[in-house]
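Both complexes shown next keep chain A, but they swap its partner, so chain B is in the first and chain C is in the second.
Our next item is the complex of A and B:
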């Protein structure tokens, strides 16, 4: 029982790390209708921006995360406007492929500026807290709290602000939204800013837990994509549910399957999901 | 209509030129056909910290040899490719080196997975391959002599890890590694050494692309190990060390020197990695070749792979000089005549070697990584190991043996 409970706790923790970039990915998909694989490099850029703020400028974690969000958001918008925007008319597949190329370019720019070496944040590492046989990391709890706050803010933003409502309107029906006087180009920019920024924050959260290098984002790209698909592409609560489900499924599976097959387990879960419910857990449209 | 007929004068001029080039072949080839050598090192990916320095060492040797007149009057040209520490990218880069650049030899493949993938391309195309990978299976491939390695085998390394764990009074040793071609033989040999002393072992193979390994660590700790051996590369080992610290593991930690390196020590909080032991094949510190390499590249303590690739390029260039031919087959046949000729002159660099070869002397190269004598299947016959420990954020030498 302890074994299962511990696996669930671990799964929730890995899940929340993936959830934040997955929200960014899903938000971009919801409004612009293409999978933006460049979020891997946005996550890496965010991780490095926060590292720069934290280890070089000596700022604490929260301001470092805010800086990462802003920088990544701006870079995301810049990349979108220069590289991806003009391809949008050619269909989602073309933009998706271009975003993979963009990802490689951005990743190598990071490599060029910061080098290829591993870097770590200037933070003390804390021992786990123990409750009987269960253990929980204070840092993971902090990341969990941060992720929950970010998700809540994002949710409130979409639900109650004019901009959030406009975003949802464009996601729901772009033509109808335009008739109502919503400018889709502006919405696109804000969405990419938010999506890339969230991917950047996700990169920081992953970096806080591990170390960062130019491949930080790339390593979790598949999990982020999987979480978004599992939850239902384009659904923001779906991305969160998908990420948590994926995290817990992978950790629980480790009890019976060797650890090498961990990634495979996640994908088997997706395969089953898509076979029986192609729109994902919370997706509304059939994919 | 295009005029296709040539005037008598043009034909005559052409024929003379043809006859001329046939009469003086050296004019056509001395400068025209440089010897091409490829490096296929990890410039990015997990091996990224090593590749660039390795290439620098090769370039320094080639520049020096070219300045001294080249090999058999031919210039040497270096083509450097990145294997990204990834077999698929390694194969693509090797294809380019072999098919487009037509290199004589490929030097410095680092990850065992990359070497395993690239080796068949080399022997099929008769391109010589020098590697720094440790997996036992590599020299067991049917490479027909087109491969040598300067890294001790994992059999040897596994045994040393096991023995060292016992030396540290460990009875229960856990081996924690990602899926690598050497993970199994490494674990088998650790087990053999530990069981011989009455101890017990267990292992876990993990997926090295995950952001956290908490459940894996839980499984490790259920074994109640007093020593953990890490078989991974730098990024995943850093995560493992952090997760073990969080889980309050207090036993002995032993890792490969290439994964727990200065970069890792600097990137994690000091207490996470403190007291970790590292074992790595030791370069021949203090040897002439080693001192020469240090001066050449301006790095005070070059890593083992840089010393090894320095030996690769020296050996290959001398083999070409010895054979008078730069084909992979010629290098294959001549390599042991320059690495270990019985009673040969002790040589520590290619320039002196090429001179000795020109003077018809036998050559026995002693390198920066070690004596560089090869068995029939291409393994080195002797190597020392270096035992280090992280103490207060610094890597301290414990012993060489």
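Our next item is the complex of A and C:
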């Protein structure tokens, strides 16, 4: 029983961290209607930007996360405007393939600048908190709290701000949005900034839990994609639900299968969902 | 037909279509003057909805010109047309289904956020149903309620011309009658309206003028009530 409870707690922790980049992925899909796999490199860039701010410049974690968000958001917009935007007219598949190529380019730029070695943030070493036989790392708790705050801010932005509502409107019906005087191109830039920024923050949160290297984002790409598919592509609440479900499923699976098969859980989740409920758990176009 | 400064809208010899070779409008022309209700009627496939979409900028004109309030907007897209005062209420998918009634109205006034609250309150007063349902998701509204919301959304940017594409499609006779009353009331308030309507007889009766479109070309035009009683029009399009 303790084993299962510990797995569920670990799954919630992992799921919450995955949820942040998954929200970014889903937001971009909802507005631009293509899966942007370059989100993996945005996560890596975010992780390295925060490492630079934290370990080299000596800034605390939260300002480092803010810097990662801004840098990744700007790089995401730059990449979108220079590389992906011109391909949009050729259909979602072409842009998705181009985003994989873009991912490789950005990942190798990170490798060229920072090298291949693993790097760690400058964090104090703390003992795990124990609840009976259950253990939770203090850093995990802090990351969990940060992820929850970031998600709450994103939800408030989408629900109550003018730009958030415009994003939802464009995601729901871009033609109608245009008729109402909303410029989908402008909304796309805001969405890519937020989506890439959130992916960058996700990379930092994942890195805080372990260490970072140029493959940090790539390693979680399948989980991010699976979470978005599980929750319903384009649904932001769905991305959170999908990430939590996937996190728990992955951790529970580790009780019975070796850790090397962890990623298989993501594949199986995508397969089951696409077979029985292609639109996902909360599958709708709008957020 | 050349652009007339007295007209609010002048469409002159427009050709347009969806595919590369498909041509639905084949030199269509029309005009709307301030204060008018103008109806476009015609058989299925005549290009009535395509004409409205072309005026709204959702379909690009290949030839001809579209002038709104003296400005040639032929090359502008839907966003530019909206900024020139065109309010278009499409026949389908005309509300943001996953958003509340209040959010639908608010987002429809995106161009001028300073006026959103005042205009929404005016519309709640004019259409009390919207006030009662302001927290409801738009997709949960009935057909008639949804059309009222769609029309109210079209008014949020304070348009100088409202385009309505088959506003009574799918509505019960009672709901359709109420919607026609709402359209007349809007027009009496000074708003010019250009509409495509499947209930051609009822539409012509409330219209200042009407156009008959056949196979993408102008076939007839004249005062609405006169067209409504024209025996040939009745035989061809109204089954009477």
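Just so we're on the same page, the second predicted complex is superposed on the first by the 284 of 287 C-alpha atoms of A that agree within 3 Å, B and C clash if a C-alpha of one lies under 4 Å from a C-alpha of the other, contacts with A are read in each partner's own complex, and residues count from 1 in each chain.
The rule is simple: a contact is a pair of C-beta atoms (placed from the backbone, for glycine too) under 8 Å apart; a residue touches a chain by one contact, two chains touch by 3 or more.
These numbers come from a predicted model, not from an experiment.
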Combined model on chain A where chain B meets chain C, clash or fit: fit
Touched partner set for A:263, first chain B, second chain C, both or neither: first
Residue contacts on chain A - larger count, chain B or chain C: B
Touching partner for A:84 - first (chain B), second (chain C), both, neither: neither
Chain B versus chain C as contact partner of A:213, first or second or both or neither: first
Contacts of A:173 with chain B and chain C, given as first, second, both or neither: second
Chain B versus chain C as contact partner of A:47, first or second or both or neither: neither
From chain A, separation angle of chain B and chain C (C-alpha centres, steps of 10 degrees): 140
Touched partner set for A:196, first chain B, second chain C, both or neither: neither
Touched partner set for A:111, first chain B, second chain C, both or neither: first
Minimum Cα separation, chain C to chain B, after superposition on A (Å): 35
Chain A positions touched by chain B in one structure and by chain C in the second: none
Chain A residues within the chain C interface of the complex: 162, 165-166, 168-169, 172-173, 175-183, 284-287
Of chain A, residues touching chain B in the complex: 3, 6-7, 10-11, 13-14, 17-18, 111, 116-120, 123-128, 135, 137, 139-140, 206, 209-211, 213-215, 219-220, 251, 254-255, 258-263
For the chain B and chain A complex, residues of the former touching the latter: 43-45, 48-49, 179, 204-207, 209-212, 214-216, 218-219, 234-235, 238-239, 242, 245-248, 263-264, 266-269, 271-272
Footprint of chain A on chain C - complex, ascending: 56-58, 77-79, 82-83, 87-88, 90, 93-99, 103, 106-111, 113, 153, 156-157
